[in-house]
Structure formats: C-alpha cells, structure tokens
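The structures considered in this document are given below.
In what follows, chain A forms one complex with chain B and a second complex with chain C.
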Partner chain A sequence: MTEPATEAQEDSRAGKYLTFMLDAEEYGIRIEKVQEILGLLGITRVPRTPHFVRGVVNLRGSIIPIVDLRRKFDMSVAEDTPQTCIIVVRSHGVDVGIVVDSVSEVVSVSASHVEDAPHFGDAVNTDFLLGVGKTGGQVRLLLDIERVLSTDEVVQLRRAGHDSELEEGES
Partner chain B sequence: MKEKLSSTGLAGKLVLLFVAFGFVPVAVVGAISISAAKEVEEQTASRFARIAGEVSDKIDRNLFERYGDVQAFASNRVVLDREHWYQASEENPIVQAMNRYVDIYDIYYLTIMVDLNGKVIAVNTRDQDGRSINSKNLFQKSYRDADWFRAVKAGSFTTRMPFTAPGNDVSDGTFIEDIHVDSDVKQTYPGDPSLSLGFSAPVYDDAGEVIAYWSNRTRFSLVEDIVKAAYDSLNKEGLEHVELTLLDSVGRVIVDYDPAHTGQRTVPHDMNVLMNLNLAELGVEAAKEAVAGKHGHIRSLHARKEIWQIAGYSHLEGALGFPGMNWAMLARAEETEALGAAGQLTGRIGLTALAALLLVAAGGWVSGRRIALPLVELAKASNRLAEGNLDCEVTHRGTDEIGQLAAALRTLKDYSQGIASASQALSEGDLNAKVEPRSHHDVLAHNFAAARDTLEQVVAEIRGLIQAVAAGDLSKRLDANSKRGAFRDLLAGANDMMQAVETPLREAESTLTMLANRDMEARMQGNFHGAFQNIQNALNTAVTNLEGTLSRISGAAEEVSKATTEVTTGSQSLAQSASDNASSLEEVTGNLQEMASMAGQNASNAQEARAMSDAALSSADAGVRHMKALSESIVDIKSCADETAKIVKTIDEIAFQTNLLALNAAVEAARAGDAGKGFAVVAEEVRNLAMRSAEAAQSTTRTIEESVRKAELGVQYNQQVEESFQEINGQVRRVVEVMAEIAAASEQQREGVSQINTAVESMSQVTQDNAATTEQSAAAAEQLSGQAEAMRGMVAEFNFGGREAAHMAPPLPSSYAASSHSAASYATSSYAASNAQRPASPAPNAANVGRPPSNGSGNDASWGMSFSDDEADELLAQF
Partner chain C sequence: MPRFSTDCTGDGQSLLRNGADTAMTIEEIVSLLVQLEPEDRDELEEVVSALELQAEERKADGSGPAVPALLKSAATKLRTVLAPDGAAHGPMLISAAARLVRAATESDRAAEESPESTPDSAATSESTPPPAAEAARDSESPDEDGVSDSSDEPADPPDAEASSDEPFIQVEPGDELVEEFVGEVREYCEGAEGALLELEENPEDREAIDTVFRAFHTVKGVAAMVELDAVSKFAHLAEHLLDRMRSGKIRCVGGYADLALQSSDMLKELGEAVSAALRGEKAEAPEGYYQLRSILEDPEAHGVGAHARSGLSDGRSQPARAARPKKATSAEDGQWIRMRSERLDQLIDMVGELVIAHAMVREDAAIAKGGREAQRKVTHVSKIVRELQDLSMGLRMVPFRATFKKLQRVVRDVAQRQGKSVEFVTVGDDTEIDRNMVESLADPLIHMVRNSVDHGVETPERREERGKHPIGRVQIAAYNSGGNVVVELSDDGGGLDRNRLVDKAVKNGVITADRARTITDAEAFQLVFEAGLSTAEKVSDVSGRGVGMDVVRSNVAALGGRIDIASELGEGTTFTINLPLTLAITDGMLVRVGQERYLIPTTDIQSSLRPEPSMLTTVSSRGELLTLRGAPIPLFRLSRLFEVEGAIDDSSQALAVVVGDGEGQCALLVDELLDQQQVVIKSLGDGIGTILGLSGGAILADGRVGLIVDTAGLLTLARQTPAVTA
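Coming up: the complex of A and B.
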C-alpha cells in the first residue's frame, strides 16, 4: 500500500459503524452503507445460485437477495437463533441483505482507533478489510462491504433477484 | 316218506310211458324240417360268397387299368420337351397334358414327373373338375428320398408287365403303393381325406433311355365307388342289410359300407377304423380266411353288432396278369334276414315239437296221479290201524274193488273206536258203560260185561264200611269170603285196618279222662306202631312237661318275690341321687347367667370400639380429600406459571424488536449526519430500555422456572402424604372389621349360654320327674310280691303223687334264670329312664315271663289281683 493512499484512507475510515457478531467475532460496517436492519424474514431459496446465497426476501414489495456471511467467509454453518438478523446494505448500487448472528450497536470510530489490517503475505488477500478498529479493549474488523461482495457477484445477485421478481410477477 | 316215494314212482312211471309214446313222432317231424332249413341256409351262404368274389374281381380289373395308366402317361412325347422342364406355369405343355389327364380320368389327385435326381419337372395345376389347385410349391420339392422314387430308380417294380405304346416297344413295370394318406395330396387338397394309391413308372426317350419318372397319386374313392355300386345292385335284388367290407393285405378295414346300420349312403372315413381296425386280429373268422387267401362263406358272430351273421369272403388275387393288392372282400348280413322264411320255419317247427312234448308230459302226470293217490291213502290208513292208532280217515269212495276195500276198513275202525270209548268210561269210574255184542261170536263184548259186574259189587261193599266209620262206628267188618282172588284179599285187608285203628284210640281216651281229673300220674299204656306210637309218645310227653312246668312256676314265684324287694331298695337310692342332681343343676344355672351377662358386656364394648373406629376412618378419608385438593392447587399454580412464562417470552420478543427499531433509528440518525444527532441520543435511550426489559424478562423466566420446579416437588411430597393417609385408612378399616367380628362372636356366645340355660332347666325337670317315678316303681314292686304268693297257692292244688312241686321240677335252664334276673334289673333301671315319657305306665309283671306280652293298656294290676281257677286252666291250655 502506498503512503498517499493510506493518508486518504485515514480520513475516510473514521466515522460511525454498525457492529454485529459473526461466530464470536465482532465486525463493523460503515453506517452510510446500511439501509435497514431486519429480523429474520421468510427466505425463498433460488436454485442455481452460489452456495453463500440463502435466497431472496420480499421487502415491502422489492425483492432483495440475501447473502449468508458465514458461508461467504467459509465459517461453520450455524442454526438460526432469535437474534439472527438481516442487515440490508447497498453495494455497487444494489440492495443486498447479509445474514449475521446478531446486531450489536452503532459506534463512532475515530481515526486514531483504526489500524490497517495485518499483512499475512501476498498469498492472503485482505482487501475486503478497511482496517481493524480497537475501542474499549475490543477489536472489530471493519469490512469494506463493496469488496466483500465483488462486482460480478452483485451482478449475479441482481439477476437472481430479478429472475425471482419476474417469476413472482408471472405467477 | 316211503309211501310218498312209491306213489311218486307209480305216477312217474305212468308219465314216462305217455312221454315215450308221444316223443317219437314229434322228433321225426322236427328232424325233417331242420334238414330242409339247413339246405336253404347253405344256398344263401353260397350266394354271399359269390357276391364277395364278384366285387373283388371288379376292383382287380379297375386297378389293372390304373396300373397301365401311368405307363401310358409316361409315353406321351411331350415329356421330351426339355425347354419346359421345371416351368411352373400352365403354359408348360407338360402341365397342360397332365391337367388334361386328370380332367379326363376323374380319378387322380396329382400326376408328378421328376428328373433322375428326384427334382420335380412338372405337376398338374388343376383338379378333376378343372379347378385350380395350389401345386406350385411342389415344383420346389425333391422326391429323391420318396419310396416310389427309390423303387422305380432301382427297377424293383411290383410286377413286370408289357405295355406297348406307339413308338415305345420297351417292356417294363410299374411300382404300386398301397392305400395311404398322401401328404402332398393333403397339402394340395385341404379338407380332403386324401386316401391315395400310388402308381409310378419310368419315362423313356426315343432311344429307350430312362430320362425321368412319372408318378400318379390315385384317388382311393374309385375303389369305394365300386363297393357302393355293388351294394346298390344287391339292394335292388332285395338284400337290404348286407354289409360290404374291404380289408387290406393284413386284415385292416379300408372300406366299410353298411348303410343299413349307419343310415347314410356315403362311405365313412373314420380314421380310427380305416387302416386301424384289424378284423383278422379281432378273430372274425371270415376275415382270417380271406386274408389267408381263401374264398368261401361262413356263419359267424359279428364283433361289433354281436349278432349271428352269414358272411361270404374272397381274396383279391388280381386279374389279367395284374398281381392284385392282396386285399380281402367280405359281404356279410344278419342271419335271420338272409335266410328269411326258411330260418323262421325251423324255429317254428322246434317250438311246436316242444309244446307237443310238454302237453303229453302233463297229461301223463295227471292220469298217473288219479290212479295212484287212493291206493296210497288206503295203505296209510291200514298201517295206522295195525299200530292201534284210530286217528285215521278213509275218504275214498267208489264201487270198484278199491272202493269196497275202503268201506271194510271204515267199519273196522268204527268198532274199534266203540270198545275203546267204553273202556275209557270204565277207567273213569262210569260203571254203566256198555258194549253191544255184534253177534253171539262177539267174545270181546261178553267178557267186557262180566268184568264190569264184579267191579260194581266190590265197590258197594267198601262204600258201606266207609259210611259206618264216618258215623263213629269202628266195630263194623266186611264179608270177605263172598269173593275170589284179589277182590277177597282187598276185603280182608279192610277188616284188619279197622282193628288196628280202634285199639290205640280207646287207650288214649282213658288217659285223657284221668288227666281231666288233675291226676298228673296218668300215662297211655300199650305197644303201638307208626302214627299211633307217635300219638302215645306225644301225649305222655305233654303230661310230663305240664307237670315240670307247674313246679317251675312255683319256683319262679318265689324268685319274683325276692326281686321286688331289691327293686324297692334300688328305687329309694335313685330318688336320693335325683335330688342331689337337682341341687347341682341349680348351681350350674347361676354360673351360666353370670357368663351370659359378661358376654353381653363384651358385645356392647365391641360396638363402642367400632363406632370410634368409624370416626377415625372418616377423619382419614377427609385427610385424603384435602391432600387431593392441595395437589390440584399445586397443578393449577404450575399451569399459571407456564402461562406467565409465555407472556414473558412475548415481552422478550417485543424487547428484541424494540432493539432492532432503536438500531434502525440510530442508523437513520447517523445517515442524517449532524441533523440526526439528537435523534441518535433518543434511539440510544430506547435501545437501552429494550435491553433492560430483555434482561428483566430473562430474570423473570428464571424465577418462574424455579417456582415451577418447587411446585413439582410439592406435588411429590403431597403424593407421599396421600399414600400415608390411604394406608391409615386401610388399617382403620381392618380395625372396624375386627371389632364387628368380636361383637358378632359375643352375641353368639350370649345366645349359646342362653341355650345351655334352657337345657339345664329341662334337665332339672327331668330329674324331678325321675324321683317321682322311682317312688311309683317301689309301690308296683310291692304289688308284684303279693301276686307271686297267690300263684304259689294255686299250683299246690295239683296232685303230684305226694312229691313237692319244687323238688319234682327239673333244674331250670340257665338262660331262663338269666332272663328272669334281667327282668328284675329292667324294673329298676330302664323303668326310671322311660318314666319321663310314660309316667302312668306300670312295670312289666314278673309273671309275664314265658307268656305273650300283654297289650300294656294298664289292666295288669287287676289281672294279678283276680288270678282265678279259670285263668289257671287257660294258662295250662297254652302248653
């Protein structure tokens, strides 16, 4: 990473984050990306989609694809609990729901509390992390949701949502 | 039995005589008729043999022509046209020739020409009526292995017979196949019986070389038609029931034409019969003979119809040099029909002869019996009379010698019967029986009258003596010297008997007179025998016994006197004992009353205990009920807790939703930037509240769970307490039962004591009665003593010749003494015992021993007081 980029990032990374739990770890998403937080709705499975896509939900008339973040991060699959929530985020201009274990709070992270993600060598890609937040002794992994869901995937997701919207319209 | 045999013999002999004279002419007439019938039969049979021969000849001649046909066909020059060989078309000239042959001859199924290898050159394509037949596939066939092909190729012909055709001077033969079902014909003519004969011969070219072979499949119906035609002609001659049968060389049926039996004018094609049914093997004589090559006729039993037939038969030997098929022809008809009137005549003559013979036999039998029967009867009656048997009847009457003989026999029988009945009357005591003499020569009648008179006189004498004895006069005697012999002995014997009876009776009379004067020394004197000696002994013994008995009565009276004294003493001691008993019984009664009151106390105590137990039982029941109510309450608490837990869960969900709302609000606030800062604070507060309510809900849940757990514990404890109460309940119930048993037992005890009390009272009463009775018994004993004294005085009045009665008496038998003693003890012991029932009844009197028991009605006392002389006599009369 180059210096000027780091400086530019330092400004942009400070701000408010929505934190959530995933497999005993706490993560944060920039609040600007968050559209809405939902309880677990009835998810309709869509065939021929990647394994991390749980399906789609009908949110007030619009169809939103749902991504299981545990599967996306290759974690062990867990049963849904009453605390399981869907966070609706806007990525590449598309609303996408991500399933998390539970939602915690909205926190402000100042620039001084953000550090770069540790480097594990070239073989390990950590691009999807904005950095690591450390407030009150806790470590939060700050996700760049646009990178978590790549462009191709979002296009695929949009199509999945579109297809099921069409099917619904037809039926 | 013997008479019967001789009578049968006599009758039989007469019958035989009649039959013998009748039989000869009948037999002669019969024999002549039968020989005439035989002649007719012989002529008829010869005719049948002739018929069979004629049909055989026709068949042979016809087949001879078929034999030649094949050679003639083969000599047609068209066969040399090799260009058309193997051509399966009606344009083939060979086929055209063949079709023409079949059409003209009307008797062929197939004509086949094959080359030297058996391959078909040509076959006809039309049948005898010009219709198309499906023979095309035969063109594909090879006959290399067919029998006829091999035979003709090898030159082994059935016979060699010249046949000369234009341009052919080669002499050669034909191979013949006997009747068979041809497979080619069957295929070409479906539905046809296909019975065929085969005629095959070689085909020569102009140079005389064999170039091919020709074979004809000939219809067997041509033979059947010959048979049918023969039948029709016989029918016209009047033979309606003839059966024509053609057999093959071993005797199997190949044609059987019998319209009279089948009712159809067609030749039947039953394949179970044709070429199968072998008449020769079945034992049909005509068939056997014909198959063996013979001609002739025979009378035989038909195997199937089971009737006698006349059969003509013939063997087919060929004709005109044709060797023939060695078949056999039978012409058969039922014998009766064939012979017609001649046969019936024979039967009729036989029947007539038989009837005549029977008539003669019957006539002889009747006449013979008419003469023999009366003689037999007379012989039987004479035999019976000779044996003295008068039970015989002679019924025959007549004027001839046999009739006279019968009348004399009847007279003799009547006279014998008269003597017999008079003798019987005499033997039955009728002295008036008489027999009239038939002449002065009648010795039998005179002697019978003399015997009767003598018997009458003797009877009158004895009757007079009997009347005197009956009137008590024992001194009468009879005049014995007026009669002779046995009659005199009889009268003298009656006098002796009277003397023997009179003497002992007079002696007994004097002895009894002494006894009447109370002289006990009187005895019957004299020397007597038999019944008179018995009377003497009995009378003397009676007097002696009377004497002894009187002396024993005197002794017994003394004994009675002593015994009554003992009875008196015993009665007094008994009275004392009874009074002791009475006081003891009173004591017992007192104790029993005390016992009864204690038993009553027990019963009432038991009742009280039972009431208390009942109270305890109802308390325990109440306890159980309350514990049940408690259980139900706890269960209710538990269900309330469950409801509360549901509500808390709802609160928890609301808190979660609120949290989400708060977070969403925070997100919105954050997105609003500075404008949303105030709202963010509010959202944070709401979120905090939501978190707190969630925590509160969780702690409530825990509390509720704890209380539910404790309630369950309470239910368990409650169940244990309830079980304890149940146990108490059971125990108390047992106590109640036991108390009830005790109460019942006490009640029974009280009852028992009361019954004992009653018994003791009745015992006391009995004891008192006993004491009174004992006193009565003592009084009776005193009376008894007085009566014994009176009896002794009476016995002393008898004259014992200066001896004391007691010393005179023979010693008392021990049993007598014992019974006397027991009578005394009876008076002391059992009298008291029975007194309760019969207080007024007196004791049995001691004088009663050896006398029938008195009627016990209470007049014994007066009997003892007035013991008069008359009564003593009566007592004596009993011995």
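Coming up: the complex of A and C.
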C-alpha cells in the first residue's frame, strides 16, 4: 500500500490530469475525479473542524465541505486572489471541494512521461503522490487526491530536509 | 398522422368514405394508430369512420363475425378517447385499439390460409375484446352476468379457464402499459380496502360501496385492455359481488364483507404476480385463487352469507343475477397522479435553486436603482416564489391517514383470528409527516399494533373477569409537539409485567442480577426491545412474523426518534414514539455573531432580550449568569463556543436568546437577530461529520450555507468548554 509505483501501475497512471498551482509548484489530479470548478464564493466557516477545513458551500442544494490544500499541505497561507478557486472532486463517493491558487490546464500524460516520485529523493513524501508527470519540459506532481482527503491529518508533502524518517503527516 | 395527413389532407373523410378499401386498409390503420396521440382528434375521427366502414364491409362480405366485432370494438375504444374525459386513458386506449385491429388482420389472414377454420375461434383465442368504453369511463353500466355488454363482441364466459399449458399470466417483460396497470391495481385495491373497512362500521354506506365497485370495475376494464384475462375475469366476479351489494340484494356484512376484502387482497396479489411476470419471472396463480374464484362465482353455494363467515350456509340462497345498476356517481379519475419520487425531489431542489436565484436578483443593486416600478415587479415575483416554495415543501408531506388505514386492517385481522373484539381508534390522522419517514415507520407500527392486539388486549372472557368492557380498545394518535411528531399507541390490555420482563432478561443474560435489583420501571419496559425477549405467554401465529421489537426500536432510532413506554399492569400500555422533523422543514431564527450567521430553531427559542447590566453576574465556578425573572440561568457566548472573532464583547450591547426549558434552559449571546426563515435541514455531509452543537446546515436565501444550532448539544459543549474568566 505504501508503494505507489509498481510495474502494473505504470499504465494506470497515464491519462488526463487537471493541473493547478499551489505556491510555486504545479500539481495534477486525475480528470475523472474532478466534478467541476467553482469560483471562491460563499464559504461558511464551520466551528470545531480541523484548520484546513475552510468550511462548507452550497453546491446546487447540497452542502459540501471545502478543504484548503495549502493548509492541508502545511504550506504558507496566502491571500485569496481572483484566480483562487475551488475544484470539486469526488473522493470515496463524497463530493469535496479543494481550494487551490489557480487552475492551469488539462494535460494528457502518457505512460512514458510518468515517473515515480522517489526521483525527488527524500524531500518528498511519496505516499500521497501517484507519480511525477514530465510533459513539455514541465514537471507536475500527480496527486492521489482521495488519499490526501481521506486522512484527517495535515499532510506533510515535503519533508523537512533534516528529517529522513518516514512520517505520514503526523503533526 | 405523418403518412395519413400527407396522403389525404383536408377532405380525408370523403376520400375514405368513397373508397375505404383502397384509401385505408386495415394494415394502414394499424400503422397509423401506433403514431397517433390522443390530441390528434381529426385523425382519430377519421380512423373511427374507416374502422366502422371496414366493419360494415366485412360483415357484408360474409367473412364471419369475428373481424367486424374486433374492428367495431376498436372503433368504440377510439370513440372513448374522443369523449370529453377520455384523454386521460388515451394512449392506453389507442394502443389497445391498435392491438384489436391487429388481431383482426391476423384473424383475417388465418381465415385466408385455412378457409375451413372458423374465424370465431381465431378471434377468441387471440384477444378478448373488453367491454371497451367502460375501461376509461366509470359512468358506463357494467356488464350483466359476465357477458360483454355489446352483443357483437365475442363473449368470454367467466368460467372459461385459461388453457392449462399457457402460463397463468402472459406479458411482455417490461411492457410499460402493463407496468402502469400494476400501479393502478395497487392504488385501486388500497382505495377499495379502505372503503371496505368503512363498510364494516356502516354496511349501508352507499359511497363506500360505490368506491369499491368502481375500483373492481376499473381494474377489470384496464386488465382486459392489457389482455390480462385471469385478472379481468377475477375482477369481473368481484365486481359482480359488489354490484349485488349496490343493488341492495345483499348487505356488506359477515361472509360477504370478508369475501369482498379477500377479493380486494387477491386482486392485489394478482397485481404482484403480473409485476413478477414483468420482471421475467414465472407467474403462478396466487394461492387460493381458483378457490376464491369459484366461491365468487356462487357465494351462497359455498355457504357464504350475510351471517355465515365461511363454510356454513344460512340457508338463504340468493340468485346470482343482479339488476342493472344505476349509473355510478362521477368518477374520481384525475384527482391523483402517480410520479417518480426522484422527480419530486428534483422539483423541490429546483424550487430551492429558484428561491436562491431570485433572492440574488432581489438584492441586486440594479433593482434598487431601478426605481419603484422595478421593485414592485420584483416584489410580485417574490410573493409567487414564496408560495411556490411553500407548496413544494408541502409536496413531500403526507398525512398519517393511509398508514392508519393499514393498521386498522391489521387490528381487524389479528383480532378476528384470535377471537378478540377490538375497537381501533385513530386520532389526528391528518397530522403530516415527511413521506420518506412514513415509509420507514409503517413496518414498525404494523408490528407494534399487531403486538398490542395479540399480547396486549385480553380475550373477552378474561376482560370480563377483570371487570373490563369485553371489547378491547387500541388507539393510535399522531400530533405535533414542539417541532416533533409524536405517534402514540395505547391499548387497554393487560399491560407489561415488569417483574417477568426483568426475570426473563436476567435468565437470557441480557442484564445481570445486580442490575435487575436497581432497574427502574422505565428501564425495565425498555427491555421489550431486546432481541429474543418476548413477553407473550404463548407464541401465536401472529407473533414472530415480520420485524421484532428490536428492529422496531432500531428503525425508529434510524429516523432519529425515540420510543418511550408507559405501562400499568392490568390497565394497559402506551408506546410513545417521538420523531424529530429532521427530514422535514424547520423554522429558524437567523442570528449574527461577528461575521458569521447561525440558525436557531424557532421552537427552541423562549424569548430574546437585551440584557441590562444589572441582570448579569459572573460566578467564577459557573461562568456568566443571566438573571431572568428572578432566576439565574447560564449565559453562553456563541462567539466563544464557536470561536468566532469580531463579535460584540459587551454583553449589554448584545442580545440574549433564551432557549430550552427546565434543566436545559440557557441564554445564548448573539450580536443581532436577522430574520426568521423556513429552511430544510440538511446534513453537513460525510466530509464534515457531526459537530457538537450543530444539527446540520441549510441553504439560506442568499445561497450560502447557514449552520443550524443544536441547543441541547450546545449545552453539552458549553459544559466541556472551560468557564470564562471574568
């Protein structure tokens, strides 16, 4: 389970990804997981929830939770901009919105362009990555969004340089 | 119309009349019929003329009576469509007509291929032309004695059994017409059942007899239309029984009443058999079908009479021929429609969207700038939208009436089987509840009522020994109480034996002997809900069916409800089911705290006030207190419980909302009361889970989510949160 990249998975990782920016990094999530993209509007804060939960929004009559991905990944908090938006993804049968800095594009990643995450070395926690997509000279981290959202903890996507021990986002 | 109307536009009728056999053959009529809608009146009229013309010609050329009869019957059906109220069953009638015409062509062909064979037999085996016009119009007179009312239709005597090698019910799997039929049968039978139970009270209730009669009559007609002979023949016999009641030949009492009820049940079962056949399963005749049928054919010969319940004849045999009944009163067709529940949910969601979208328009700055005229128009739309919202929210609410009717039936059956006399009283059957809830509530209630009659009410002898009225009494009441729906089931039976319950629980290891010594009455009564604990002294054929009491409790719990039991040994038992309105609508007061808004259920709110400094005290151990009419109650700051920044800090500048009562009374400090809103409670979703102090969320008028405060949970939360330091 902790080994995301095996031979068999090579092919399954190929496909279309919606890419978005978070801080200076570009990430991708599988297009099939994406339900829709919303502007950053009308979030109601919910008390007594983890700090990475921004709140809930009304999605055509249904109430869905909104997770701030920057906070989830323990990145620096940034001001919302007009480009900040919500990507609604389906995770374990439930719609969840994730807040990202901006949405970039939809790219096709072929099997030959997917590489296992460990190429980054110890700096990156690979548990939440499907792999790394390299297309058009750009490098994108392909997120396993369901895994990211199914943990209640903050995900330490980048490991602290001095900490080479395996840790799964325990804070 | 496509082919037809292009071929002979305008004077189509004259064209047909002049040369029907060349202008429109039977085959052409068939292909035209499949394309026609009830609205295509002109085309339908032309087809009717063509059919009648064809029928006349066939009669004249001596090809036998079958083909003309079929064609005529088809024409009659189409005329029904053209009749003022015929459009409702239009599509069904048109396709039935098409089938009849097709049968005629096949009969035609059969006659051509083997001139020796009589066209009659072909017609009878291929289709049973139903008493056509009756199907859609109840006002028509029914048949006499099972012979079709139009003499030119091939008659199908009611005693003719389906040939043995044919399946009992033959339908195309997935046939939509038949599917619709099954739904109708169910509906009509439920209506008939309700009316029959009313008849038990008052056998002379003319209206009830008419209702049952119409139900059977309609089922017969529609069954014939979709060619379900077994059903239509049975319905015919049942209708005949009711017809005798209508004409006053027999009274709806004793064995006759039982027979009518059994017939209604059998029709329902036949409907289920058809539904099974639709799913492609092999449909067998329901148990007792043939027996009941032969009893219906001549009830007296089987010993059924006004006094004899079964088997025994009262000697008065009545002729099985009824007088032609008077015209039935106006049919109730068109007052009800059936629809998919998802569509209803969709509609309700869409109306919700509309309300939100409209609110956005209303609040738009452009409208404010648009002057009085624009605002007046928007206000007008607001009113309509508000009414539409009220209407749509009410759509899902249904009264308890139908459920209670079902229960009445259960009481009747169980009481009869056990030789008990039980009066069943219903109170507040127009109390409304979300239909999703009523569905999940039906089974538990049936079980509980069955238990009340079976285990609660004693036999008449026993009751007299105890000095009670020999007729037992079971009452079910539904009412609204403080935002809850309460269903109360009480009987005046033997009551629960507290000690026996406890003994049994100890013996079965449900509780320990130690616990048994300290258990309270209320706790002891709750033991009836434990699996495997039956209080019945003997197991009857009634108990042990369906769900057990443990399932009753879990079903009610799943609806967010609670059951309380009160019982007095020898005096009776009362079950009180408290159901929240979580599936329904709630009125909420929208309050502001800092930049956040919350909804407090209006039913929880006692009062609201701006606290005077003199009313406020701070006790280090108990936090802030608000003295209200001399009594201090805890004061909680919503901003602190929910960690909201920017709220008013000076309590005398804020507002205190007093919620709850008794032990749970407290005051919540908010910045401002905004608005009262009617909202639909929604869960915050699996993604968030439950949060102490919140019962859910709701979509507010501006489209944003508002959080609904759970005052009881808030109290718990407040006790966990460290007291405020002064």
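Observations on the model:
We adopt the following convention: the second predicted complex is superposed on the first by the 138 of 171 C-alpha atoms of A that agree within 3 Å, B and C clash if a C-alpha of one lies under 4 Å from a C-alpha of the other, contacts with A are read in each partner's own complex, and residues count from 1 in each chain.
Just so it is clear, a residue touches a chain if its C-beta (ideal position, glycine included) is under 8 Å from a C-beta of that chain, and two chains touch if they have at least 3 such contacts.
None of the values given here were measured: they were computed from a predicted structure.
Aligning the two structures on chain A places chain B and chain C next to each other without any clash. Of the two partner chains, neither chain B nor chain C is touched by A:T135.
When the two complexes are overlaid on their common chain A, residue A:I37 makes contact with chain B while staying clear of chain C. In the superposition on chain A, contact is made by A:C85 with chain B only, not with chain C. When the two structures are aligned on the shared chain, A:Q156 is found in touch with neither chain B nor chain C. A simple residue count on chain A separates chain B from chain C, and the partner touching more is C.
Least inter-chain distance for chain B and chain C in the combined superposition, rounded to the nearest angstrom, is 16, based on C-alpha atoms. Residues of chain A that lie in the contact sets of both chain B and chain C are absent, per the superposition on chain A.
Chain A contributes residues 42, 44-49, 53, 55-58, 60-65, 93-96 to its touches with chain C in the complex.
Residues of chain A touching chain B in their complex: 16, 18, 31-32, 34, 36-39, 82-83, 85, 103, 105-106.
Only residues 653, 656-657, 660, 663-664, 666-667, 670-671, 680, 687 of chain B touch chain A when the two sit together in their complex.
The residues of chain C lying in touch with chain A in their complex are 349, 352-353, 356, 596-597, 641-644, 682-688, 691-694, 697, 699, 702-707.
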